[in-house]
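Presented below are the structures under discussion, each in the form of structure tokens.
In what follows, chain A forms one complex with chain B and a second complex with chain C.
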Partner chain A sequence: MTAVGANVQRSDGEAKVRGEAVFGVDLAVARMLHARLFRAPVAAGLIRRIDTSAARASDGVHDVVSGADIQNQRAGVAVFDTPLFATDYIAYEGEPIAAVVADTPELAEAALRRIEIEIDEVAPIATPEQALSPGARLVHPSWAEFGTVGGIDFGAHGNMVAEIFSDPGDVEAAFEQADLVVEGTYSTPRQYQAYLEPKMALATYEGGRYTVQVSHQYPFRVRDRLAQVLDVPKSAIRIVGHHIGGGFGAKLDLGLEAYAAVLARRTGRPIKMVNLPDEERLTAPCRENAVVKIRSALRNDGTILAQDVDVVFDSGAYANNGPAGASIPMFMYASIYRVGTARIRSRMAYTNTAPTGAFRGVSGPYLVFAAERHMDQIANELGRDRREYRLATLASDGHKMRNGQALEELSILHKAFELVEARAPWSDQGADQEADQDTDQNGEKLRGIGIAAAVWLTNPQPGQATVKLNEDGGIIIVTAATDSGSGAVTTGLRQIAAECLGLSADHVAVTMPDTDVAGFDAGSQGSRTTHVAGRAVFDATSEVRRRVLETAAGMLEAAKEDLLIEDGIVRVAGVPDMSLSLGQVAMAATFSKGPIVATASYTTPPPPHDPELTKGMLFNTWPTPTYHVHLAEVEVDPVTGKVTVARYVIAQEVGRAINPDAVMGQVVGGVAQGLGYTLWERMEIEDGRYVQRNFETHGLPLACDMPKIETILMEHPEPAGPYGAKGAAEPSIVPVAAVIANAVSDAIGAPIDSIPITPEAVLDALQSLEHGVSG
Partner chain B sequence: MTADQTITIQCTVNGEAHALAVAPGETLLQTLRNRLWLTGTKEGCLEGECGACTVLVDDVPVDACIMATGAVDGRDIRTVEGLSDKERLSPLQQALLDHAAVQCGFCTPGLLMTLTALLEQQPSPSPAEVEAALAGNLCRCTGYRQIIDAVMAVAEEQRP
Partner chain C sequence: MQFCRAQSLDAALEYLAEWGADGCLLAGGTDVMVRYNKSEIAPGAIIHIEGIEPLSLITTHGRTTIGALNTHRGLAGDAAIAARHPAMASAARLVGGWQTQAVGTLGGNICNASPAADLAPPLLVADAHVTLASMRGERRLPLDEFFIDRRVTARRADELLTTIDLEPLPEGSAEVYLKLGRRGAMDVAIAGLAVRLSLQEDGSVGAARVAVCSLAATPRRVPEAEALLLGARLEDDALAAAGQALAGAVSPIDDARGTASYRRRVLPGLLARAARQCGEEARQ
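Our next item is the complex of A and B:
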């Protein structure tokens, strides 16, 4: 093996460091006009009147559109609840109400200010608790008429978008047998993806077809959703992708594409749209705020007899793909630990806030935060060492999750605990707590340690690749897979093809996505590209290889079995001067049977499971699991409340690292986002509106904030993956909040069950501890 | 915009002299991207926080999104497009690639300018000095580690 396992450089790297790479926002075409959206200035209200006549008469304006001017039916990924424009009522601040097309973005902006609107503001439904309380005003009075994908019943009712549950019926009985019941409530805020390139779209309408140029993680989703929103055939839409300035899940569903397409058709001119930074922040599909309640029935020996889990998520004003995220508790609870029986209820509520959506790890970071804070809580109540208690409770190979799916390789998780232990020996600070409290008088830092484990998935959705051998021996991979930064396309897919065909990755190029040209691909989500699109590339390249050998065998008058391919040369084994270049073989094929091209597809088959065990799931199984243990040591300044991460160690199972440097970049990048979520970033909501409205107040991690991350990559090749690869990019964010909160709670001797763990939160916890002790 | 509202300025951009008639309030970022088609400099937050628009004005990193073009009259501007010739990348550009320090790449032009200025001022920075220099450049993808490794490798190579 040469290409796989090497740190091959990304094929778009040189263009990116030279500033030559054209991102979506950099695009321009002839005759292009610019459009901007008029967005709701309040979180909730009734629209009494909208007057666009002054805007229409404004300088350089070509068109002004509101909901009354177009077909504006509700649509969506999971629930068909979202109109293009609000017409009767406003469901969140920033919701589009009208659009203006003008010669320049500045003229469009000037015209926007001349739109007159009268709104009867109403008190927003600001929290899920409020939304689900009896008698609450309905965010969408017509909720009962909303269709769903495939007609699935998500258990919607009133402000409840989805209610997904699993109840084996024996949980209450187990609680009656308990020696001890431990319960906790764990709450987490929103998190903004904070990609740097704003959402954009550049649409043209020509000859009855729409072409939309995007920087988007999932071009085929754009095609399919545009077909739904515009009510036109999928074949009337072409999506062309460009470099993506970060996405992290925020660029998986429609953004501005439908508006640009509608306006391009109306005006007969190409329409470019780019969100301003404040529009981005108001409307990005943030990770949802959530509250998780867990009750555990325990025996004195630490055996968990049952768990009762209740998760409430904030969907915001529309559902997006929420029911998928709301399915994930079924895999995060009663999965890696033996908990006897478990009842899990997952509810997602409409509120008058910006719709939430996908962010790296989707619901994982807060579900694992709750699960692993709870494990610490149980261990502390039992007086057990927190690591030892986890090991004693960890399930073994074949353990079944709530959906009936067996985790066949849980022993990898046991191994991960051992590897972390070898790197950073565990010493539970719990027993030293009193000593710590004493030293704090001398201004010394409080030290704590935390550990957490998780299982994560590799998204199974389909991918297709076409691999072409050019007549100079070069390879082109045609795919709609996207690279929003991970290198999965620009290094991984190229390395897989190179390895398979026995040549250097330098000879392998990969296309940008174009839905007219490439087969379906489900986009950069859930770490799927290397595993799923990579498998399609492997299978297609294997067929290319077969055809090369077949053609070369005829040319060299040798048996196929006697041929080998090395460094782009086909040789007859043991006959040094009998050889052909791949280019010669390709040329011969092109002018005889036809060019050497092959197409292959892959979708991860769903693991065996029992659909009767859960209700309302959009996401039924947990395919291609990977295993993760994180450990953190922190220092807490008892005077300022500042938390410093002194050490961070990860054991992450990746199947096979196709490009170790690229995997490391994903691991460290994911931890950075996790640390931001846990310690620094703020995305607070007051009365339905975001409080932090720029980077200055937001608190993204800076270079000086980042600790050294010690990463142990565990390779455990997965037979279905290309060269054994599983997903690697997404999961490092998942255990971070849990492990840091566990370490801080250990350091200060008081539970931290909500994030962000700001200095104020730490000081409050220390203060309540003092009060508790003195009282 | 009528002609009499524009002001004419002279400046050099990547070594090339320009005379530009600019509108009052036009930012250096707008001038570079929309007039000179130097789209390597990125538009991020438009409030001087993210650093994606960092360029060098007389060798000092500035956020082009909040600098008026009128203020660069007579000054020397460098952008990412001026960092290398057609054949060879600058040592810093090459190091970012060698250390897998480029992911989505949207912050890359801005941080290259900040780090180029750092290495011109301080050829042997400590990791803490590199981190401090990057305080005005947000990168959401990498967690910064591979970027800092790349800068340290260049500093090491340039050490006399």
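Our next item is the complex of A and C:
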């Protein structure tokens, strides 16, 4: 192989480095106007009056729209609960209430300030606990009328968006048999995706069709959701994608597209919208804050007889794709470890806060945080070495998850533990550390080590690719798959086509997404692009190859079986002077049977499972699993409470690394984001409002805060994947919070069961320990 | 708004006399431009002083005199500053990020009068005095009298801060600045602490100066802690007592960066660390 496994350069790399690449926010078209949203200034309240007359009369203003002026029905991905504009009541701070169209963004902004609104503020429902407490005010009084996708019953009730439950019925009995019960509560905050390019849209309405230019991870979802919101046929909408300045899940659902489309139709002019950076941050679909409670029934020998898991997530004011996230506990618990039987309850609550949504590794980081903190807790209670206890409890090949699906290759996880051990030998210093506690108050760093394991999936949703052989022998891949920065499209798909056709990836170009041109693709989510869109490219290129050989066989008067393709040349094996370039073959085909073009599609078939075992799931299998072990060593400053990551080692199974550099980039990036979540970033909520209002206090980690990440890529080629590739981009974020919290807890000798692990939280834990010891 | 470019000190003072409180001085712009872009200030004139070369001088005869236009990067890399004012040099390296250090000036950092000004504590422990010039003449006052409140200074509307003069680190002394932030760079201090100590032959403290930022409305000296260090040996009990005095003397607030409680709690440990570090360096 030449193209696959090579560190081929990204086709968009040079343009991005040189500043030539045109991102969504850079777009401009003739006659374009600019729109901005007027957003709710409070977290909850009744709207008494909106007066837009002064804004309408403001300089350069073309249109002002609020909910009363347009069709404003509720819509959504999973639950149809979200209006374009709040009309009667405000459900969160930042909720759109009106929009202003003006000649420039500045004039639109100036007009926004002239919108008058009277609000009767009400006390916000600020937390899921509050939302689910008896007698709580309803965030949405009309919740019972909300439709759902496919009419699925997610178990909604009042402020409960979704309740997913799996109960085999034998859990209580197991607890009665237990020698020991260990329980813990693990809580995690929101995390903002912190991509560079704010959400944008540029819409035109012409000849009865909407065209919306976007920088979006999932153009076909924009098409489908616009059709839903605007109540027009999907075929009346065209979505054209451009370079994306990052998304990490925040650009998977509608952002500004529907507003731009509505305003384009009303004004007859192209409408461009871009959020301001702070506006983006305060209204983005963050990873949801969550509280996980786990109770384990144990035998003295460490056998887990049963687990009882309760997960409560914060949906924010609307559901987004929340019920999908609420399904994930069914795969994160009772999956890689033998836990006997398990009862899992997953609940998602409406609150008066910005709606949460998809973020790299949806739900995974906090579910694994809870699971793996709990494993440490059990090991500590049993006096067992934490790594040894994991190995003793780890399940083996064929182990069935809660949905009845077998993890056929779980032994890869055992191998991952071994590879990490070979790189960074485990030394559980917990006991020694505790003895050092009180002598270390004047500065000596406390050291700790942590380890955690996880299984992650590769999103199975469909993708189609068309592969065209041009008459000069070049290849064009037509796809709606998007590259939000990973290189999955700009290197991966090109390498797969190049390998299949025996030419250099330099000869392969790939289109930007356009829903009028390319077949359906489910977008950049769940590490699916290389595996699913890559498989479609592989199948389409295989058909191109077949037709090349068929055409060349006729031209060379040779048998197809005797032909080979190398470096873009079709040769007859063993006959050196019998050859044709791919261009010659393509030219001949074009002017005889027609151009050599092929289209193929792929969707990962659902693995065998038992649909009766889980209820209310938005998706109920865990396709194309990958396996992960992380280890971290940390130093804690006992004076300030600051945590420094001294060493970070990963063994990650990827099927096959099509482009090792690109995979490494994703692995390191995921850890960086995970460390930000665990140690630095803050999106605290008080009274329904974010406390940190901008990036200055947000605390994204910097390059200088990053440890060296030592990555071991494990290759176990997956037969269904293109050249064996599975998903690789998302999962390195999943175990980070767990492994760091385990290491910090080990260092200080006190449990850290919530993140972010701020210096203050570390000092609190250290001081509670001192009081515990002296008292 | 008018943009006035002053190429000489006299020109700057004339502009200041003309515009008074409606004139806004601009040097590196790392604070002014941010506030201007956020519409927090709307001056009648911006008086750009970055080109006044004499204000970039550093002289080291007796006291160190530093022109107000010296940048943080310049201070961080200056050999004389490193030898005479190591705490200030390290504070200069910790202000914002490399880009802001490259253009942000010492005079700007002081006149901005942020409670979190990193350079202020090392300046305060070096007995810094500022010189203010106007068409009416010059005056010199101690830095702790210059800071009046959060973002309020003793500078009159027609005055330009021209130089800061400092007492260099005496023989047998050491100084240190410890910044408590969350990240490795580009952070506003949760707390900042500068300590300058002189040790006597017997190991006791002969002179002690302690100053802080992000712990009160202005950066300030903390005589309560200094008094307990003076004459003491750098041992656990004495350091703990001084640390407690320090924590009791400051008036931190809860903000989005940290709580008042955390700020108070870290101080004894930070002071002990800073004092021990000074002790080790002074003995070398």
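The rule is short, and it goes like this: the second predicted complex is superposed on the first by the 769 of 775 C-alpha atoms of A that agree within 3 Å, B and C clash if a C-alpha of one lies under 4 Å from a C-alpha of the other, contacts with A are read in each partner's own complex, and residues count from 1 in each chain.
Assume contacts are C-beta pairs under 8 Å (C-beta built on N, C-alpha and C of every residue); 3 or more make two chains touch, one makes a residue touch a chain.
Please read these numbers as outputs of a predicted model, since none were measured by experiment.
Asker: Touching A:759, do we find chain B (first), chain C (second), both, or neither?
Answerer: second
Asker: Just to be sure I read the superposition right, which of the two partners does A:136 touch: chain B = first, chain C = second, or both, or neither?
Answerer: It touches nothing on chain B or chain C.
Asker: Name the contact category of A:640: first (chain B only), second (chain C only), both, or neither.
Answerer: The second partner, chain C, only.
Asker: I'd like to know which partner A:394 touches here: chain B for first, chain C for second, both or neither.
Answerer: After superposition on chain A, A:394 lies in contact with neither partner.
Asker: Does the superposition put A:517 against chain B (first), chain C (second), both, or neither?
Answerer: neither
Asker: In the superposed arrangement, does A:13 touch chain B (first), chain C (second), both or neither?
Answerer: Only chain B is touched by A:13; chain C is not.
Asker: In the overlay, answer first, second, both or neither for which of chain B and chain C A:699 touches.
Answerer: second
Asker: According to the contact criterion defined above, which of chain B and chain C contacts more residues of chain A?
Answerer: The partner that reaches more residues of chain A in the superposed model: B.
Asker: Per the contact definition in the header, classify A:197: touching chain B only (first), chain C only (second), both, or neither.
Answerer: Only chain B; A:197 stays clear of chain C.
Asker: Between chain B (first) and chain C (second), which, if any, makes contact with A:149: first, second, both or neither?
Answerer: Once the two structures are laid over each other on A, A:149 reaches no partner at all.
Asker: Quick check on the output: what are the common chain A residues between the chain B footprint and the chain C footprint?
Answerer: Of chain A, residues 696, 701-702, 704 contact chain B in one complex and chain C in the other.
Asker: Contact residues on chain B for chain A in the complex?
Answerer: Result: residues 33, 38-47, 49-50, 52, 79-81, 83-84, 89, 93, 96-109, 112, 128, 130-132, 134-135, 137-148 of chain B touch chain A.
Asker: Quick one: which bits of chain A touch chain B in the complex? Just the residue numbers, please.
Answerer: Within the complex, chain A touches chain B at residues 7, 9-10, 12-14, 16-23, 25-26, 193-197, 243-248, 276-277, 484-487, 659, 661-662, 664-665, 668-673, 694-696, 700-704, 706, 708-709.
Asker: What residues on chain C touch chain A, complex-wise?
Answerer: Those residues of chain C that touch chain A are 180, 182-188, 236, 256-259, 261-262, 265-266, 269-270, 272-273, 276.
Asker: Mind listing the chain A positions that touch chain C in their complex?
Answerer: By the definition above, chain A touches chain C via 441-443, 638-642, 680, 682, 691-693, 696-697, 699, 701-702, 704-705, 758-760, 763, 767.
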